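Take this structure first; my questions come after.
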Amino acid sequence: MTVGYGDVFAQWRKGCPEVWSAYSKHEFVAGLGDGTLPRDAFLRYLRQDYVFLVHFSRAWALAVVKAGNLREMKMAASLVHTLINEEMKLHIGVCSAAGIDANELEQTVELPQNTAYTRYVLEAGFSGDFLDLMAALAPCVMGYGEIGVTLKADHASPVYRDWIDTYAHPDYQQLCVDLGSLIDKAVQDRLGVDYRQTGKWTQLTRHFEIATALERDFWDMGLHG
Amino acid sequence: MTVGYGDVFAQWRKGCPEVWSAYSKHEFVAGLGDGTLPRDAFLRYLRQDYVFLVHFSRAWALAVVKAGNLREMKMAASLVHTLINEEMKLHIGVCSAAGIDANELEQTVELPQNTAYTRYVLEAGFSGDFLDLMAALAPCVMGYGEIGVTLKADHASPVYRDWIDTYAHPDYQQLCVDLGSLIDKAVQDRLGVDYRQTGKWTQLTRHFEIATALERDFWDMGLHG
Amino acid sequence: MTVGYGDVFAQWRKGCPEVWSAYSKHEFVAGLGDGTLPRDAFLRYLRQDYVFLVHFSRAWALAVVKAGNLREMKMAASLVHTLINEEMKLHIGVCSAAGIDANELEQTVELPQNTAYTRYVLEAGFSGDFLDLMAALAPCVMGYGEIGVTLKADHASPVYRDWIDTYAHPDYQQLCVDLGSLIDKAVQDRLGVDYRQTGKWTQLTRHFEIATALERDFWDMGLHG
Amino acid sequence: MTVGYGDVFAQWRKGCPEVWSAYSKHEFVAGLGDGTLPRDAFLRYLRQDYVFLVHFSRAWALAVVKAGNLREMKMAASLVHTLINEEMKLHIGVCSAAGIDANELEQTVELPQNTAYTRYVLEAGFSGDFLDLMAALAPCVMGYGEIGVTLKADHASPVYRDWIDTYAHPDYQQLCVDLGSLIDKAVQDRLGVDYRQTGKWTQLTRHFEIATALERDFWDMGLHG
């Protein structure tokens, strides 16, 4: 399945094929698709993902702080808005339907894989610049887009179809396309057209690869705790 | 004129009466009220304020990053959203009506008083925690609320009435009340009910006073360049 | 074994007895003491600890940035100096004697437990203030002091005696005492004498407990990879 | 007078000739050279410079946090060490000889030009990466080197010779050469050999120019308060 989330993303993804595959075709993902994922694994994932969303929103807010122009600020601010006001509400609803009330959700104890991933992204952002943050944030945003559209195309079982539809949805796909385009421009704006000849580029690919590995570990955590 | 923006703000304000007065009753403010403020001073202020808004939005985004709970995150994120999507658009409109097009606005060269103020606030936030950032942000948000409502009550001249109405507006007043309440809770949550006995409190009052002085200098810049 | 690294440390430690015990009396630690720790576990630990030291030095440098006065700056700067110019050199020497040359050491691939711990500490520091950083840094500095002096007192086997002697050494013990005293003062300076009544204190104890758990996971990584 | 502090510095300097000249040949500088600088201007400068040194040390500590390799970490850490343990002591000595005791020095009220400069540098570092910080720090380190060696070559009057000798000293000159070489490598490591074709470079030149202008304002403050 080819997805078009921009040139930079395509290169980052191609630069770590094994890790990307381990993440995007993870056993957890396969289980979402064919409906064999155990319910308690899905609920463990949802609880942790709620905590993740808090830090992910903070990371996108940090992207507003680190943005280099109004377009970047607006995109990042719009993501913060969506994450805090829609995505979290959606999450609370899904969890509530699954018998986890908002209060219990708030009390979730963060598992180590969650800590590792969220703090890695935030620290990459604090210590680096806007590009470092984008490279660490891209695997989650774009990976979910790719997973959603791939599972949808594979005629997923109805069990986790709501989850799949969220990320296969044209709105979410458009978000990935827009972000890909923003990242393409952000990289060229700062590193020039020959950006792949720079050491900064090497560092960005490293952030992308490590964040992808941490996403893979996040699925492991969903499966095994 | 008494305004009710919470206990903490009331104490911060009372803690630096001279600087607060120099800011909130500045010659520039008086000129907005009676309509005697020279037009080019107002336009110089508007241009600089546009640049200021960019950094102010970034500082509120940093508040999302530094927030301690969802309520704080939401309030800060909502301010980022309003600043970027409404306040800046409003600014572009006002400037455009005054003959400064969006392009020219983008090219504004930041004056030193603007640099001093915005970087002070952002650095206080980066180096400190959520409370440090709130103390540095409060003089602007609440001061404009107080100035708006005071000028309005004094039967301001029509010359700058649009500007005055923005900040005297019930929506803006409510924002100040809500932020005041959030700050009251944020301070008590972290420093306890006897927060005024702590060294952290002393540091917060210092941030508030310095940011107020930098607001006063911002008006000076409006008047004299 | 009672160690006197200050009141605040004593309370933090007492506040998470199980996690502290899991860390300070870990199987890895016991193996260092009686000499049964497998050599390759020790070398795996050393390699990872080298990467850790880089980020730990960065975290102490961040403490210089976040310090509230000259005494705090000097203590943190002195630790940065010692870590970069002595501790790392020592590490390179130990590894070299064990057949791992400096080049190989530089190429070490960071394991997830290492990522989790170092990024948690750095992010706590970036997002919080000086106290948050101290609470996240204390388990490592003081824990190693306690482990060193405890193993020494228990008549450790000669196998890992060099490692033990480093942390049981009066110089290292004095460092822990000095840091404990600095933290005691830093907490009282900011939160007052009734600091335990504040919400900030609750947050500090949480940082301490999580960092301690991440230290325990670091030993796990040493044992099992 | 040509000074050899590296290629990048040479280009940054050449990119803002008027501001650089306004800073490096400022009336304050001329007065240091021919001895006509009023004593109270020098003392005002010294007091403010002490406050400056605190924030400058913090900015160099932030460079340790943001460094990309051991060489960069060591250089930055060594500067933090020198600033805190030598430069500040030297300052206290000079001020003491001039009748300003350490206590009075600690109580110095920071003037707005000082706030603007220090916070600009720190914020550039927090919001950007290692290169952004270097570009904002270079005008001070290298400018003082250039001023020192230029005044020395011009057969300065003995009145402020101690100050001049500090920065004309081979040790300080070597520091500038080493930093210049580190910056040259840091820029090429990240942006490639064609670094001047990148947008990041444009941003770095802007940081350099603004920081230079803020240095010029710092001299103004010394002269006029």
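Per-chain numbering from 1; labels A, B, C and D assigned in written order.
Heads up, the rule we're going with is that a residue touches a chain if its C-beta (ideal position, glycine included) is under 8 Å from a C-beta of that chain, and two chains touch if they have at least 3 such contacts.
What you see is a predicted model; the values in this text were computed from it and never measured.
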Cα superposition of subunit A onto its copy subunit D, rotation angle rounded to the nearest 5 degrees, comes out at 180
Interface sides of subunit A and subunit B: same vs different residues, half threshold: same
Centroid from C-alpha atoms only, then distance subunit B to subunit C, rounded to Å. What do you get? 42
Centroid of subunit A to centroid of subunit B, CA atoms only: how many Å? 35
Could you please state the distance in Å, as a whole number, between where the Cα atoms of subunit A are centred and where those of subunit C are centred? 32
If I count partner chains per residue in subunit B, which residues reach a count of at least 2? 58, 65, 122, 126-127
Once bound in the complex, which stretches of subunit C touch subunit D? 54, 57-59, 61-62, 64-65, 67, 70, 73-74, 76-77, 80-81, 84-85, 88, 122
Subunit D contact footprint on subunit A (complex, rising order): 65-66, 68, 126-129, 132, 188-192, 194, 197-200, 203
How about subunit A: which of its residues touch subunit C in the complex? 58, 112-113, 115-116, 119-120, 122-123, 126-127, 210, 213-214, 217
